[in-house]
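Both complexes shown next keep chain A, but they swap its partner, so chain B is in the first and chain C is in the second.
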Partner chain A sequence: MLHEFSYIEPGSLSELLEFLAKYGPESAVFSGGTDLLISIRAGLEKPVYVVDLKKVPELQELNFGSKSGLSIGAAVNVNRVVEHEAVQSHYRILEIAGRELATFQLRNRATVIGNIVTASPCGDMSSPLLCLDAEVELLSASGSRSMLLKEFITGVKKTQIKPEEIVSKITVPTTFMDAAGGYEKLKRIKGHDLGVVAVTMIKTKKTMRVAVSSAAPTPVLLPDFVLDTPVAEIQKVAQAAISPIDDVRCTKEYRRFMVDIYIRRLLEEVQHERGAA
Partner chain B sequence: MKSVKVTINGRLYEREVAEHKTLLRFLRDDLGLTGTKEGCGAGECGACMIIMNGVSVNSCMVLAAEANGAEIETVEGVGTNDELSALQDSFHRHHAVQCGFCTPGMIMTATDLLRRTPHPSREEIKDGIEGNFCRCTGYEQIIEAIEDVAGTEDSHA
Partner chain C sequence: MLEDTPAAELKQVGQETLRIDSKIKVTGQAEYVSDMEMSGMLHARVKTSPFARAKIRSIDTSKAEALSGVRAVVIGTELDYKLGLYVVDKDILAKTEVRHYGEAVAAVAADTLEIAEKAVGLIEVDYEELTPVLHPLEAIKEDAPRVHPDLGNYSYMEAAFSPQPGTNIANITRLRKGDIEKGFEESEWIVEREYTNPSVQHVPMETHVAIVQWGHDNKITIWSSAQSPFTVRNLFCNAFKLPHGNVRVIVPYVGGGFGGKAGVGIEPLVAVLSKKAGGRPVKLTATREQEFSLLPCRSQLTYRIKTGVSTEGKILAQEMIMYWDSGAYADYAVNVTRASGYSAGGPYEIPNAKVDSYTIYTNKPYGTAYRGFGHVEFFWGLERHMDLISEIVGQDPLEFRKLNALKPGSITLTGEKITENHGSVSKCLDAVANSIGYGTLTEKEKAREKKTGMKIGKAVASLHKAPAMPSFTATTVVVKMNEDGTVIANLSLIDYGQGTYTSIAQIIAERLRCPAEKVKVAFETDTDRDPYDWQTVASKGLILSGNAAILAADDLLEKAYADAAQVLRANTRDLDHDGDKIFVKHHKESFVTFKQLAIGYAYPNGNAIGGQLIGVGRYIAQGLSNLDKETGQGLPALDWTYGAHGMIIEINEETGEYNVLKVTSSYDVGKVINPDAVRGQSIGGMVQGLGTATCEGYIYDERGRLLNPSFTDNKIPTARDIPLEIETIPIETPQLDGPYGARGVAEHSMIGVAAALGNAIQHATGARLMHMPLRYEDVWRALQNKEPVDNWITKSPYGSCRSTPEL
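For the complex of A and B:
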């Protein structure tokens, strides 16, 4: 049974932000609930108010423009992103990694922004979005501010969000549009699972980017690599940047080992892919 | 408490519901629709699968209050004791049921899968039922049961 809370369902952005301005500290913002309801059930969170974002029209928006890039609203679920034409043609890495996030049915509920705001080191959307230089927009009754996703996530389940704020949207610029890319995720079973460790790699005509999840308190974006950087060099930089731990899912040594394997595999994969921008 | 009007298997229900109650507990405890099972309660096992507004979701991860105005399908709306759906009949013929606990969720997932992908490959079936755990059958008979219906023309899935 869940701990008792009141369910609040604002119908507009102003109603939502005014509510959070008053009751932010006692509220949990809710859309898919795939993290929140588990945490409430486990007694880890005890919100007085659970505030649903899904009835706010602006937060359901998912847009693409050839100059403005991709914009994903807070209440947009992962399947909508994965199935979006522009994502499939211009931001394939989001489609590839998105399909690795939980199951089809959970992706009907789970949102991309929820995955970011939860700020788990193993979030499937964070390392691809880091590679793409995604930017988050934070909104509150008193205004908005934007920052790179890289700055937004500050630690294990920690971000810069304030209780009265929501992440209203995430914007993916056109900088890495049409990049070739791949996502490798180690799981304990063949079916759906949290990532034990994961690596994202994208490649454009000029540069390569690599991000590693579940190997440090936050997903780690490595510095850019020039195109013909030898695999050993990328592995060396990655190993220096991560700080994996032993946990119930695996040992730190195994995480380090698999990061090297995935970098080698992804490098082979992206080098064979045509059409890198 | 919140007033909820929800259509389940074609029948309209109007109830006052506790705001912290999951849709799963609402179906089972308030409406007595116990075909939908609670396994893990955490979105892992799929025993609570239902179809809400045409989309399959784990009902343990939905609040009853959110279902206001929704159209829901549960296993009680799929076939009857006298007339099984094509999938239920196929599960029966292929011995895809042992203890039966995962079956309602498995049927709902497969029903939704075949609506989206009428002729799935074996791999698509495996991917499709990824979110439904079965601890008895080893999945083989379940996959065969779905394949059998998917191969049939005009399946009533």
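For the complex of A and C:
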């Protein structure tokens, strides 16, 4: 059961931004709603206005250019990204991790940007996007600003977004295009579950990148590794960078252990992958 | 058996039969209480306790009452009714003390759900939080706080239970057989271990829901998602001191129960709201979160087993101590304790045995019936124990089981002599062992190990269970013929997913020799109109109601034959029937159709005889006796269904990650009535068993607050968690007093799954797991010989996982 709120459905970007300029602090931006509706039902959020992004055409855009890279609009659901040809051919890690996010049905609602803005330590899209140096564009009636995803997420459920702003799109540069990669996620059942702990790894001709989620207040991107870095070295850096906790899902001991296992598995996996850029 | 049709002549019984409720359910046309709306209906919400144990200093409802649209607010102190199935220990709403997290302390009925929710938020409760007693082994100590200081004043079912006033012990079931000391003295090996299970939730698709209208002159109508309409009526009338004729309970389609809806639930609370709201109907639907703590769960168990074994590998003595965590109320937990107590040794011959089974009150959500009625929990320990013993005595686990299995001539723990007709656990064990290729790896499996780097493990677990029910459990079936010669059957056993109604239709069709389509078994049970059934629990539905259906069909036929004898001017002994007509055996052209007789036969001149063809079949469990309170001797079991699971798993020895490759289940069902239903029960229960084995369990903090009260952190299996390969092998040793020889097989499918998994993991890796569930981390810890996690919360050693304070 939901509390009473006004549902706002702007038809244009300017209408949306003007509304948020006035009512931002009392509003919750709504796209897939897979987090928002649960929060409202649990009484954790009580927005006066629920502002739907889906009718704003620009926010539904999903584009790829060989120079500009991949651009994902705020209202683009995960299934569209996972099934996009350019994602499948150039940004496979987004496809791999995207398919691990919830279920097919939920991915028809859940958006990539929603997964980022929620800023959960276990978000399935965060660590691959961190590896790819993704950049978020924040938009408000008074203008736009951009920043690296790494800077955008500041803590558990905390980001740099202001009440009057939306994340209008996320841009993935061409830097790590065609990288080989993999995503390993610990779940409690074989069906859909959030990541109890997860590791992303990508590899290009020059470098390797690793990010870990559900092991610190934010997903953690490790410093770049040169190609033949020994596994023990990557594990050592990872262990120093994470700070997992004991909770109802797992002990920190097993989280740390599985991070090492996943790093070793992913390293084997990306090394075997032919056709890496 | 109540009939003697040779198997070869059976036309309906034993045939694959489509569930009679499948189409209406998959098309969404079946109406559940969740769907129901009534004119003038109010909506209810409940205020629950955030504390596990607290004094209620005061409750201020004035703001809630002042809210526009609020029609009734109730609190505990205004309600002078006590509820309880076996021990009458529960108030409708907590009065002066809350006894568990999530307990109801106040409730509101309002014009809309939103107003009711808002009103609940406006109710102010002044609590004084008290230190809760959370673990049963703490609660059993002398100085533990008493969950029910008034235990000595409660009424209870004295023939079966023994509450201990002045303690937290709601019941002790004792059993003594042979000379336990002597048995241990003669033993070559003595193996003593402790096994634990956390509490889990049933998770029916339809949460608990009821609509109640408290009408004029205290005439009350209850629509409920319930397993046992007559038990709802009986307990309700006992609590409110009303004549049974005043209360009408209607149960339409039910979206799952698994034991969680076996007794009385939210109906009394909804009733008092309706009464206070001037008799308007009130609907209360539990939220999914409330299912985990407002409504009951499955009890936690700590099970200690000490076994003495001879040089040859025969069990000589076994001492079993069960500590059942009842939670705040006794509900079904006392009977789980009793049923598990007399069944505790499993399907094995144990000449010298001792069982002490305790039900212990704690400040946690209370335990109730759950598919298996204790057997899933204790068979985890028992069947792990059998593998651990066989490892120590150096025998193959399958051979060790078969050596000790009950066989004709064996005497059970309660003194029952096993006969040729009891069914055979050894046959079930052989069937599953054969199906999984027990004892060897195929070339394909060896290649798979090489490819995946994982180890394959194969193991078995056996099981048994008898219905846990009063010795005088009864049911009635009524079969009525329609004008066109088709029939409708009425009964108050509820088919909430088991498929029993389809089997009942087959049985009636078999007796009437007509196609099953001509038999309607009516869904939607109404205690004003339908005949009595005790409860839909215990895997006793098919055996009791199936027999009643045979008797009802035969009663109808007897009337039909009497009428036909007049019409045909023949002796009833010379008559026979097919699906359409009754005819004279030696003059087949001389017949009368059922359609002609259905509502009375009319002669061409207008004279009439007979009347509606109607048959009544009543059946009651026979020969059962109460158990002696000191020795546990007596006959508690209507029938025993034996079974076994075989499992193949693959496991990563480094991380504890594993996959279930194959599960085969075999049950001695006596006679398969509907192969579809046997397979459905087998697979459904197996997957539910895997859930309990792999991921489920309540986790509390030190203040007794449930930390995982939703699907976010209380996972259940999904379609992807189903094993790659599943097989079901029914064994048919006819039950002499079962319908066509059949036994129940509803709960059994879940009972040995967890142990089979633990055994298969041990077979592959040597890991000795003794605490459920078996999450990857738990397996990893066992592999690493690390201490099991007390809990996954720092400084919260209570709840799920292992936690055993010293006594």
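Operating definition for what follows: the second predicted complex is superposed on the first by the 277 of 277 C-alpha atoms of A that agree within 3 Å, B and C clash if a C-alpha of one lies under 4 Å from a C-alpha of the other, contacts with A are read in each partner's own complex, and residues count from 1 in each chain.
The criterion applied here is as follows: a contact is a pair of C-beta atoms (placed from the backbone, for glycine too) under 8 Å apart; a residue touches a chain by one contact, two chains touch by 3 or more.
The shown structure was predicted, so the numbers you read here are calculated from the model rather than taken from an experiment.
Novice: According to the contact criterion defined above, which of chain B and chain C contacts more residues of chain A?
Specialist: Looking at chain A, the partner in contact with more of its residues is B.
Novice: Per the contact definition in the header, classify A:F104: touching chain B only (first), chain C only (second), both, or neither.
Specialist: first
Novice: Just to be sure I read the superposition right, which of the two partners does A:H3 touch: chain B = first, chain C = second, or both, or neither?
Specialist: both
Novice: Which of the two partners, first being chain B and second being chain C, lies in contact with A:L186: first, second, both, or neither?
Specialist: second
Novice: Name the contact category of A:D52: first (chain B only), second (chain C only), both, or neither.
Specialist: first
Novice: Taking the superposition on A as described, I'd like to know which of chain B and chain C A:D246 touches: first, second, both or neither.
Specialist: second
Novice: Of the partners chain B and chain C, which touch A:G32 in the superposed model: first, second, both, neither?
Specialist: Only chain B; A:G32 stays clear of chain C.
Novice: Does chain B (first) or chain C (second) touch A:I261, or do both, or does neither?
Specialist: Second partner only, chain C.
Novice: Touching A:E18, do we find chain B (first), chain C (second), both, or neither?
Specialist: Neither partner.
Novice: Shared contact residues on chain A, chain B side and chain C side combined as an intersection?
Specialist: The overlap between the chain B and chain C interfaces on chain A comprises residues 1, 3-4, 191-192.
Novice: What part of chain A is in contact with chain B in the complex they form?
Specialist: For chain A paired with chain B, touching residues are 1-7, 9, 32-34, 37-38, 40-41, 50, 52, 54, 102-106, 108-109, 191-192.
Novice: Residues of chain B touching chain A in their complex?
Specialist: Those residues of chain B that touch chain A are 2, 18-22, 25, 41-43, 46, 49, 55-58, 60-63, 65-66, 109, 127-128, 130-131.
Novice: Note which residues of chain A are touching chain C in the complex, please.
Specialist: Residue positions touching the partner: 1, 3-4, 186, 188-194, 246-251, 254, 257-258, 261.
Novice: Looking at the complex, which residues from chain C come into contact with chain A?
Specialist: Touch list, chain C to chain A: 113-114, 117, 654-655, 694-695, 699, 707-708, 712-713, 715-721, 775-777, 780, 789, 792-794.
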